[in-house]
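What follows is a pair of complexes built around chain A, which joins chain B in one and chain C in the other.
For the complex of A and B:
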């Protein structure tokens, strides 16, 4: 068994006395795409932010690459549902922004930003403002911005749920592909989604969660071959099993 | 709609449509595709128009069918899709006229392109035509566009700021 990149042991979270997460334990293994799926209110987005180090756990421990996490997790980068781009910056500048905070020289960070926009198929839009981009393109910029930080683990928080069905499907395939793309260093992802179909389509393992309080029902390995086809018959048993676990 | 005009489809949704069509290879009913995608027919319409314009799909009496080239697009990765898209888009009248202007001048103002459209279409539609041309041309990497100066530029001559 390889050393986990992220390890959660008995993680709990309380807000003003209310228990949001109860005794959550699982590992994120190198090279895998792990999906967290569950009904709204099961704490899956909170859990992702705990992994990112954006909010602390109330109990239990989170380890990243073996080290106890005490602040922001430098091994991760987060992609937001709402894209979260700065409207006054061009696409390449948005992508390069996290590198500015790290003191990377301007020429180098723009070169890297353009290379990652190219990976996302958006090299020609490097100088476009967010308002000039479609929703799908904005989210591609959001993914490029996360990848620009060379995270060991890419954290995806409902990244496709603000997109229409056509845009979402193409982008799902692109994210699956880029985690295997030699031009990208990141190989591991944690995907939060409320869509069981999406989890089964994209993930190697799925953590099924229940709510009140948020807790892990089970972890299911999706050992279907890739490339997968949306709604393929061989995926249906996994979907059924997960629905049964969550309800 | 006049055939020379661009349908208002974003590149992402157009490629999504090709992927979706490839999942249920035609010929099949468009209304059934619309149902499966949970898209109203009038939202699907400009995407289908775009697929036809690029020669990627045939549509006859409410049935669609991917062409050989459309199938290639569905199979291809991003880079190959871009090559196939560029090949078709560069010949579309509005895009071709921008490319001709850029062959003569390093930069062409949005106003110039809008003026060229004026005899054909009303002002709001002309704006939309130019916006779609910007989106397609950028994705195809045929030209660049600077929104601050409202002008088209040759690819790679955008200057590094």
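For the complex of A and C:
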């Protein structure tokens, strides 16, 4: 068994006395796409932010590449449901933001940003402002910004929920391909979603969660072959199993 | 001009009461018990019209100095309030009170303070004028920074955090851009308010013949005093020209540019550039490049300074300094409180008995001016509310009219009233009116434009018109704005009061009984510290009481009862 990239042991979270997460434990293995599914309020987004090091766990421990996590997790980068692009920066400047923060010279960081925009299929849009782009294009910029940090683990927080059905499907395929693309170094992803179908379609393993307090019901391995087809009969048993676990 | 919002109205705290004391402290620290000798100069203004550009430059420099101070204060105080609970608890109530007090009442005190600080040099008067303008500009700008920083969408904050933004980059890429739209809007309001106080301070200075602040305001005041009406008109025209030019060359391009920093991510709401900006961008690539480079430099500089400051604030060694400052402030506060109580406990001078009556008379003048303002602004705004096009035609005219600081008309109005041999009460009310009416009009027109299209259609479909439309549609829709506008208008009115009850022209002083006249006599005729304190304290108390007892409850009621999104 390979060394896990991220491992959670007995993680709990309380907000003002109320228990949001209870004794959550699982590993994120290198090269896998792990999905967290559950009803709203089960703490899956909180869990993702704990992995990113944005909020501390109240109990238990989080390890990233073997080290105990104390601040921001250097191995991860986050993609937002709302895209979270700065409206006053051009696409390439948004993508290059993490490099700018590190003091990388402008020429160098913009070159990398444009390369990543190419990878995301946004060649020629580097100088566009977010408001000039469609929702799908904006989320591609969001993914490119995350990739710009060369994360070992890509954290995706409901990345397709704000998009229309067709755009969402295209982008799902793009993210699945990305994690196998030689032009990109990132191979591992954690996807938070409320859609069981999406989790089964994209993930290698799915953590099914229940609420009040948020806890792990079970971890299901999706051993269906790739490439997968949305709604294919071989995926249906996994979907049924997960629905049963969550309710 | 002060912009009030619902949030702001709710935020004030019990500190209001303390404010009276704090305000008295300023007066006391300034006057102490020393004799109040002001430097008198026999210098007069050169009224030769060719001097006008020079005077315009002087006025503009004062404005710029005060604006730079205000900007610095706004960023510092706004950031502190947004970043630390202590900062929030101290800054927000303080700003709220500072916004409400009639600043002009403190101008004499400010002059004494700064003249003493500068050891009698005329620079003291300059500093006092800059300080006065600063006090009229800084508070709403600081609020706007605070509001901008606290309303940055959570996801953007997190994105900046996971991108490891910090220091200069964080200021340049996240915090400053987030402040731009509100800050530009409030800067425009502040700038307009600044003119009002700049002209006021220049005119006050001239009126007393004791010191000179060369500038457009003093030019207008002086020419009226000497009966040179042609020169006064030239001065007024230069003032309007400067204001309109600045608006075209600075504020409207800035306003357009600030649209880029809004969060709405749809392209639909984008504004088109004003014609002048379009022409510049198209025809002058050098200007464009220069502006872009200059903008980047300024952004970088401000970012650096702000980052250094916020970095310093988070350091350990700054703590003792802050504690020391706080302790000093507290000591001053206690000293001021003791002094105030001492002054208030001394047997009051016989004139003090006039204060209640004077206050009542002044209040009645304000009430009359308020009624007159309502009488013309409500019908006009109601008329505008019937169709969106009417506002488009009316507003440019109104904006030009309102952009001229009302204080510039004071000498003209006074001369007119004296010439027509009218009662001076007429000019007093008219002057107060100029300080009140625009706030009402702008708030009401904004409300008229905000009436949803379907409500407007309903009114048309039901054939509502005349008084019925006013009572059932316009007034309920405009009520929250009407109250906000009233609050601001009364603030403007109290300020104008200080200038309007007692006027000096052609070497004579005319006055009507009122709190403004009492303050005037106490300051300039008698130099009576105790009386000044009593007058200012009672005026501030009256203002705060009125806000507390009338406007806030009214607003709280109206904003719940009458709104469209409920």
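Here, the second predicted complex is superposed on the first by the 247 of 247 C-alpha atoms of A that agree within 3 Å, B and C clash if a C-alpha of one lies under 4 Å from a C-alpha of the other, contacts with A are read in each partner's own complex, and residues count from 1 in each chain.
Here, a residue touches a chain if its C-beta (ideal position, glycine included) is under 8 Å from a C-beta of that chain, and two chains touch if they have at least 3 such contacts.
Source: prediction; values computed, not measured.
With the C-alpha superposition on chain A as described, chain C and chain B fit side by side in the combined arrangement.
Judged by the touch definition given at the top, the superposed model places A:129 against both chain B and chain C. Of the two partner chains, chain B is the only one that A:165 touches; chain C does not reach it. Across the overlaid complexes, the C-alpha centre of chain A sees chain B and chain C at an angle of 80°, to the nearest 10. Legend: residue contacts after superposition of the two complexes on their common chain; A:78 is shown touching chain C, with no touch to chain B. By the touch criterion defined above, A:121 lies against chain B but remains apart from chain C after alignment on the C-alpha atoms of chain A.
With both structures placed on the common chain, the touch criterion links A:54 to chain C but leaves chain B unconnected. With chain A fitted onto itself, chain B and chain C come no nearer than 7 Å, counting C-alpha atoms only. Shared contact residues of chain A, touching chain B in one structure and chain C in the other: 129, 132.
Touching chain A in their complex are the following residues of chain C: 153, 155-156, 158-166, 169-170, 173-174, 177, 180, 260-267, 270.
Chain contact summary for the complex, chain A toward chain C: residues 49, 52, 54, 72, 76-78, 80-89, 97-98, 100-102, 129-132, 138, 145, 149.
Listed in rising order, the residues of chain B touching chain A in the complex are 10-13, 15-17, 19-20, 23, 37-39, 47, 77-78, 81-82, 131, 134-135, 137-142, 144-147, 155, 158, 160.
Listing the residues of chain A that touch chain B in their complex gives 107, 110, 120-129, 132, 134-137, 164-171, 173-174, 177, 229-230.
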